[in-house]
Amino acid sequence: MSLTDILMQQLVNGLVLGSFYALVALGYTMIFGVIKLLNFAHGDVYMVGGFVGFGVLSAVGGTLGADWGGIAVAMFLSMIAMGCLGVVIERVAYHPMLAAPRLSILITALAVSLVLQNSVLTLTDGQITAFRTDLGFGGLEIGHVFITYNQMVLVGTAALLMIALETFVSRTQYGRAMRAVSIDKDMCRLMGIDVAKVIAITFFIGSALAAAAGTMAGAYYGSIWYFMGFLIGLKAFTAAVIGGIGSIPGAMAGGLILGLLEAFGTQIPGIGSEWKDVFSFSILILVLVFKPTGLFGKSETERM
Amino acid sequence: MADDAASRRRRDPAPSRPNTGVAQLLAVFDDPRKFWLAIAVVLVAVAVAPLLFGQYATVILTNALLYVVLCLGLNIVVGYAGLLDLGYAAFFAVGAYAVAILGQQTALGFWAAIPFALVAAAAAGVIIGGPTLRLRSDYLAIVTLGFGEIVRFSARNLEITGAASGISGIEQPSLFGWHIDSPTEFYYVFALLSVFAVIASVRLANSRLGRAWLYVRHDEDAAEAMGIDRVRVKLAAYVIGSIYGAIGGIFFAVNLGAISPESFSFEQSVLILMAVILGGMGKIPGVILGAFIIVLGPELLRDLGELRLLVFAVGLLLIMLFRPSGIWPSRKS
Amino acid sequence: MLLKLSDVQLRFAGNTVLHDVNFGVAESALTSLIGPNGAGKTSLFNCITGFYKPQGGSVVFDGHELLRLKPHRVTKLGIARTFQNLRLFREMTVLENVMAGMHCRTHAGAFAAVFRTPGQRREEAEIRAEAEDCLRFVGILDEKDRIATTLAYGHQRRVEIARALATRPKLMLLDEPAAGLNSGEKDELIGLIRRIRDERGVAVLLIEHDMGLVMKVSERITVLDHGRLIAEGTADEVRRDPKVIEAYLGQEEGEAAL
């Protein structure tokens, strides 16, 4: 294989990875937008979403088949379930803390993350669960680059979800309200916008997107475990920061950029795949230090 | 409106000592005589514990004392300066690996290696804190988390750190001909370290720097207007915290004789943080209590098994929702 | 001139808040900055103290250019400020609040604190003594051990002034110190401001809406409107200035005292 082929192959791998990052990053960025909180539990919602998707597929796989049809049903139900979970988390844990100092709400978010993680750890004995599907390995060969049908479905689904989100945010009343709330909550209240409801909807959508990513990732990689939300949570946050936290197109772009950077990064001599994660965190730290507003983010207003 | 609930339930700012000032930071009792009596009782209890409880308990208590040192260090970062550090185990790792590597690759000997380990930890603190402490507090939390993972990944992939299997055969130190090697001896070493850690924490809290941490945590702008360089003050907290962590790591390494990357995982950072929050951020006796709960809790409730972390996690959530200042009582003013 | 602003220009998101403002404060002077709401007075304070970064111009204090300095460097050079809405350190005592001011005049670090070096102990005693002295100066020494935010409002204002004094300033910026005070307290404040200048030799620059207080206490008055300096002079000169009268009459409410 020539260098071009290797790079093309990595482009495909990067797109797949980037789609997962983007879907999770969207939730981070939307939730940050409306309540200015880094929802540490978001990666774990993705993880629980993977498990719920797996549970549904195990239940209905027999009748519907465990290929993309069954997985779509599992993904949909998991999205609903995780959307509700997100709303509950916001109501129970974050809402009472909104007026408290920042440190308190951050620790609360961490606590929620740990509760989710350790609940699943307890239920699964910390074992990796095989996510069995009937997905094939067929695909298209373009030049020397091989793209599986699974990869195409996955990237396509992620793209559809993102288009749907973008339409929701720019065309509907609640989407506009969401953007308004992220700019000025008090003004929204004066204008008669039900801020609590907008926040709930944001948590629902953000968590549902994470659940979609969790289910697809489980099906694609064939395994799930309680700690899988940790790394992707961190990376999705990186993606959100690259794109500019609070910016929806930024999160999409940031996810893809990070996925591609990782895929190409592993080809750089000296950065083998074992250094992949170190590579991503280094990018995170560099972005935060040199361009904390990201590519699409607005600069934070002056202090005071 | 829904948010009325939020303001009605608006709680006391979580960290530290509601209604008290720096002078009352160590508020165990109002009466100084009772206070010194309490200190004496605690010291005697620490001194005789190994004689009373036997070998196994001594090992567990040694671990608890290690946590006391680590928690007091993290308390400076989180409790005093109000910075959320999710990668504290990294400094613990830097200290441990530094003495282990220096012990193997050089002829320095344990005591001479300590300054190098401390400098390495402080340098790590400056490198990670310097550029990031001016960022939003939640960004800092994520950066520290990433940093913790970078350190662990590096330890797992580098040759000098022994990769996944770590470093073993770390030599136990001698002091003036006394070879420290039994669990009981190490218990007393850690007891001494804990006492030093407490004294240093109290003195820092009652100092110009200690007050500056509180000023910056309460109101960054007002603190700046008073001529306090907030980045520098936070960096000081971060570096001092990293030195505490490294001291814990140094003695942890020689006590066990072997270290591996898994001793310094995210879970480790979280446990230390939980201890600080459960006990009460910024309150030294509370933090010590938290360290003992985190270590002794699972020992007392043997049947918990895998549930251990879940129980702590739920505990942490409940503490944040219902008693954010921790379980140690706050003194009424 | 102790403080000299030349062509200071400040913009926020395309809105110009300050248009080429020029003015100065002389050594040991009592100067007031007045103007209708939204005139840019507090923004000007923030430009001087380093909280805002003006896009153009220069701010020279005691021979130092302040424009690119962070707030803590400005304070160290000798400018102290109070805040319009009280910014005391919660949960801390009055004395601890005032001790904050001494931070920039002292040096002991972590090492000195941990080992309780003689220098550190001397410094701690000095910090405490000077903080108590500042509290005595503003007349609330007997409340030093109370939690600052539990004090009566007027006394909280004095804690802020004592805290600013503890930074040993050459110039003190007071942002609406009379807001929320009753008339008796206002008279005491006038006395306090004069004593700050007379006994401590500190120049005072005051933002205030209470015109009675401004006219009584200030030697010079500068008037700001819509981010532009429209008048400057003694109380009498300013009072008669048609531009000032127009600026204030244009307002629907407040400042009727002029």
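Each chain gets a letter, A, B and C, in the order it is written, and its residues are counted from 1.
Assume a residue touches a chain if its C-beta (ideal position, glycine included) is under 8 Å from a C-beta of that chain, and two chains touch if they have at least 3 such contacts.
Given the structure is predicted, the values throughout are model-derived calculations rather than measurements.
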Which chains share more C-beta contacts than any other pair? A-B
Relative to the centroid of every protein C-alpha atom displayed, which chain's own C-alpha centroid is closest? B
Which whole number of Å gives the spacing of the CA centres of subunit A and subunit C? 48
At what distance in angstrom does the C-alpha mean of subunit B lie from that of subunit A? 32
Using mean CA coordinates as chain centres, what's the subunit B-subunit C distance in Å? 40
Do you know which subunit B residues sit against two or more other chains? 13, 221
Where does subunit C touch two or more other chains at once, residue-wise? 51
So which stretches of subunit A touch two or more other chains? 303-304
In their shared complex, subunit A is touched by residues of subunit B numbered 1-3, 5-7, 9-11, 13-15, 78, 82, 84, 86, 128, 131-132, 135-139, 141-143, 145-147, 149-150, 153-154, 157, 220-221, 266, 270, 273, 277, 306-307, 309-310, 312-314, 316-317, 320-321, 324
Complex contacts: residues of subunit A adjacent to subunit B: 37-38, 40, 93, 95-104, 106-108, 110-112, 114-115, 117-119, 121-122, 125-126, 189, 194-197, 230, 234, 237-238, 241, 274-275, 277-278, 281-282, 284-285, 288-289, 292, 300, 303-304
Parts of subunit B lying in touch with subunit C, wherever the complex brings them together: 13, 16-23, 199-200, 203-204, 206-212, 214-215, 218-219, 221-230, 236, 240, 333
Which of the residues in subunit C end up touching subunit B in this complex? 49-51, 70-72, 75-76, 80-81, 83, 87-93, 95-96, 99-106, 108-110, 112-114, 116, 120, 123-124, 127, 145, 147, 163, 167
